[in-house]
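First subunit A sits with subunit B, and in the next complex the same chain sits with subunit C.
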Partner chain A sequence: MSSVDAVAVSHSRTGRLPRLNRRQRTLLVIVLSAALLLSVVAGGLLLGNEMLTTNLDQRNLSPSLEHPFGTDWLGRDMLARTLKGLTLSLVVGVLASTVSVLIALTLGMAAATFGRAVDGAVTWLVDLFLSVPHLVVLILIAFTLGGGTKGVILAVALTHWPSLTRVIRAEVLQLRTAEFVQVSRRLGRTRWWIATRHLLPHLVPQILVGLVLLFPHAILHEAAITFLGFGLSPQQPAVGVILSESMRHLSTGYWWLALFPGLALLVMVRAFDILGDNLRSLVDPRIAHE
Partner chain B sequence: MPLEARGIGFRYQRGPWVLRGVDLAVEPGELVGLTGPSGLGKTTLARILAGYERPLEGNVRLDGGPLPVTGYNPVQLVFQHPEKAVNPRWRMRDTLIEGWEPDPELLKALSIERRWFDHWPNELSGGELQRFCLARALGPRTRYLVADEITTMLDAITQTQIWHVVLDIVRERNLGVLVISHDRPLMKHLCNRIVDLESVMSDFPAAAGEGEVGVRPSDFRI
Partner chain C sequence: MRPEERVQIAAVLVFIARKSFRLGTLLVAVCVLSFWLVSHSPIDPVNAYVGADVMRVGPEQRAAIAAYWGLNDPPLQRLVNWGAAVLRGDWGTSMIFRQPVIDVISERFTASLALMGTAWVLSGVFGFALGIIAGARQGTWIDRCIKWYCLTLASTPTFWLGLLLLIVFAVWLGWAPVGLGVPAGVLSDEVTFGDRIRHLVLPAATLSILGVANVALHTRQKLVDVLASDYVLFARAKGESEFAILWKHGLRNVALPAVTLQFASLSELFGGSILAEQVFAYPGLGQATVQAGLRGDVPLLLGAVIFGAVFVFVGNLLADIIYRFVDPRIRWGGGRYEQC
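Our next item is the complex of A and B:
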């Protein structure tokens, strides 16, 4: 046994944690990040609105045990505001990425099955969306729809499908030349039957991973356009609102107003990213069973 | 009524002609062997005959009419690599009954065991998978079978066993079979006649008038 192995073994023996294989570790990471995200939602939903009411006796308190994230210039607890904001972001993220995935699935399948003209149109649309700066399109759509929650959700939903569409189109194109799909056609099966029985099950991993990986994008973009003032209205407890408000107070020394909500947003986005990456490594080796 | 290929010409996009002027006919109850060097287009011809590919020139006639574009195709193709011809995410039972529900006698003749039904394709061997593919292709509406090197990767015993079953069914139902193989002794044993693809390509290479260099696939032979 090499010395490296010996070290590894002694490590695993001295450590309290049982030695996990790669798959178990991946699952553990998935469970942990999912739990973190769920606890954010639970916190946001369980916290009553009374934590958000103005309390002028407790203005601009720096972080303490009572207010871990401090309070703002109206005496509102920043932890509560952050949790509420993240929950709202999460809802926007879920809605937007679900719509995006549905659009991507429809367009991707259509491009790959309905002939050259449709394929050309979809590919052109994808290229168009990918060639314009994302944030500009987002602002344009949100602004056209008059801002607000509806505007943000629609803007985020309508701009996140292009890259996933490409992936799904490529996948379907490849599947269509697969022998088992072609055989199915000669056995008298209809296009619809083949699409639902042969193609869709192969696309599920792509869709699932695509959905989870779209989340962080959607959330960050929601925060970004809200921060820029084109998104959610100021009275809503959105992270983008919190961050843009706190910018005004940064120079006066109220550092906690921006730092903690910003960090929390970062942690949540990373948790989603990790969740998506691990899900992908779990489903990508194409092991249909186990 | 025969399955006929008349003046088949095929190429990919603007590439060189893979097939040109191929004439071939298979009568019901007849076993025709098709041979030829690698890369000459035997598999392409098989795909055209079974309606997987549309010829650019000429046509395929079944009973004097065209092959059906939708619905069950009476000309069924069995592939060389069965692992690619079954959906890896389906259990074997679903693959087996995709076209029709094979009767127990056929399953027994092909020695397909019931305990394989709940398995995934990657848990079965190539020979076992190929039996499933044959059973799937031998539906009651099948009248012609195109067997593209279906036993090339199998051992001699399995090969014999599978061909015995196929021969029995072919005789019983009066099916026409096109056997594609490099194995001349096997084809001599099985087939009524053997066709060399090189000899049936009437005007090969491509017509010089089209301003392109006719590339003969046999030029690539080492």
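Our next item is the complex of A and C:
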């Protein structure tokens, strides 16, 4: 061990950058990815709508310094549209993940605390939601609600809880066998007391990480269902709308309409993924040493 | 027949019976829930049926259509009527295709099956190979590359990748057609097998490239676990070569989870094929589902939901059965080792 340390020290002396330990690197990655996501939101919110107005003498410009993502057939700046779209995706993602996490927490806790019948019902409900392809469920719910922003948000929010419910249920089941919980029960604490004082504090990290890791799914599903035409109306700057519009201009060679918005979406989803993974390794000591 | 064999067969039958019962309850629930959902849609079924002729249809005709579809009955009555018809094999008539739903689904699913089957096999084989390479070389640059590549794929929107392939191979290089399952303007009997393949390549490539990620990451992790096990340590101590260890201990222990995972991921494959079919205008079941949803074709939408549920269930059932047949540690029936 000491020889490894010595090597690390000698490296840090010769290298220009200070050598960070694993925890510091994890923190750095968290800060960087959070900063990237925040800057997307800031960009989307600060950009005025004047960038989105039609500008017919600047139609179909390929990417340049002035318009890094090019312009579309109405002369709108694609960078501005993409940033607005990503911000919208983010809002949908926040709403959907929060609702999903709340549902998952309620169901998972209920399944693990209220006995076999409730547990069976919750497990069955999870299986029911996982038994139909996710995208088909989204289409069905969006269809029921008549599409639109409300339809998309509700569809995405109401369908992302099953896997997290399983995780929370398993976690609670494990916690309940822990000695301090058993002792607490023998001391005559109520189920509610145990649930709120013993179980919830242990679940908070899980929930936080689960929340962040739900984001990528929620955002991708929002984009997918919007792309299929169920979601946001064509006037709204959503990435799904932008990409489905770009399909009509592919054969004319306007490749930038599809490339950059999709790439930006990919980067954002990946940033959430990295953020979630690093948060988990910071919070969960069991996988911190992988 | 020896008694153990008889016990074994009985256990298999009990297992299948239990699973079928489970499918039954889930399917009934899926039917009731979906029916309840679509009956609350704000889209008027008569308008959806009439379509563009909305100005030429008078109130009497509308009433006649509503009566014909049974739209005036109370919801419960409609649910029972529909459920009974579905059980008899009559899934109703698709409004947009003007054909029985069963026919639409079977025709469209055949096209989708070619697409999904190709992608399923290709992504399985390549994903497994990538996972083995990464796991065997854990910690090296090639492992990091494969891991990074797979994690990035997992964040890639399916339809965007499809668009990129379309831009590069269809628009720039002109190697592949821009869309549709068969060439436009050609009679259906004149469509050759080659034409179908040409139209299948890009959508299948999209799904295969994305499908690799899951199975590769899973296989890698399993292989890393296996290579860290005591029996591999013992094999090394005996002086077996790395290749022999990989071949004898690695592959055997890793192949089964990979196959199971592939079967269990049919749900994602189905979702992916919906998006890929939409991008490439490939006339499969996914595209029909999207059309049904957009244009308010309730019978077809319900049919697609039920079919999707059966499809996913069959995948999971196959995964379970394969696991139990191959892996002696998992018993049939409710044994102690069951890992459901």
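We adopt the following convention: the second predicted complex is superposed on the first by the 270 of 290 C-alpha atoms of A that agree within 3 Å, B and C clash if a C-alpha of one lies under 4 Å from a C-alpha of the other, contacts with A are read in each partner's own complex, and residues count from 1 in each chain.
Heads up, the rule we're going with is that a contact is a pair of C-beta atoms (placed from the backbone, for glycine too) under 8 Å apart; a residue touches a chain by one contact, two chains touch by 3 or more.
Because the structure is predicted, anything quoted here is derived from the model rather than measured.
K.L.:
May I ask you to decide whether A:His198 touches subunit B, subunit C, both, or neither, giving the answer as first, second, both or neither?
P.N.:
first
K.L.:
If you stack the two complexes on chain A, which partner ends up touching A:Leu265: first (subunit B), second (subunit C), both, or neither?
P.N.:
Second partner only, subunit C.
K.L.:
For A:Val183, select first, second, both or neither according to whether it touches subunit B, subunit C, the two together, or no partner.
P.N.:
first
K.L.:
Determine, under the contact definition given at the top, whether A:Thr144 touches first (subunit B), second (subunit C), both, or neither.
P.N.:
So A:Thr144 only meets subunit C here.
K.L.:
So, A:Val132: does it touch subunit B (first), subunit C (second), both, or neither?
P.N.:
second
K.L.:
Using the superposition described at the top, determine whether subunit B or subunit C touches more residues of subunit A.
P.N.:
C
K.L.:
So, A:Leu36: does it touch subunit B (first), subunit C (second), both, or neither?
P.N.:
Neither subunit B nor subunit C is touched by A:Leu36.
K.L.:
Does any part of subunit A touch subunit B in one structure and subunit C in the other, and if so which residues?
P.N.:
none
K.L.:
Could you pull out which subunit C residues touch subunit A in their complex?
P.N.:
22, 25-26, 29-30, 33-34, 37-38, 40-43, 151-152, 154-160, 163-164, 166-167, 171, 178, 267-268, 270-271, 274-275, 278-279, 289-290, 293-294, 296, 301, 304-305, 308-309, 311-313
K.L.:
Which residues of subunit A touch subunit B in their complex?
P.N.:
It is residues 178-184, 186-190, 198, 201-202, 286, 288-289 of subunit A that touch subunit B.
K.L.:
Spell out the part of subunit B that touches subunit A in their complex, as residue ranges.
P.N.:
The touching residues are 50-52, 70-73, 76-77, 79, 81, 84-89, 95, 98-99, 120, 136, 139.
K.L.:
Quick one: which bits of subunit A touch subunit C in the complex? Just the residue numbers, please.
P.N.:
124, 127-128, 130-136, 139-146, 216, 220, 223-224, 227-230, 243, 246-247, 250-251, 253, 255, 258-259, 262-263, 265-266, 269-270, 273
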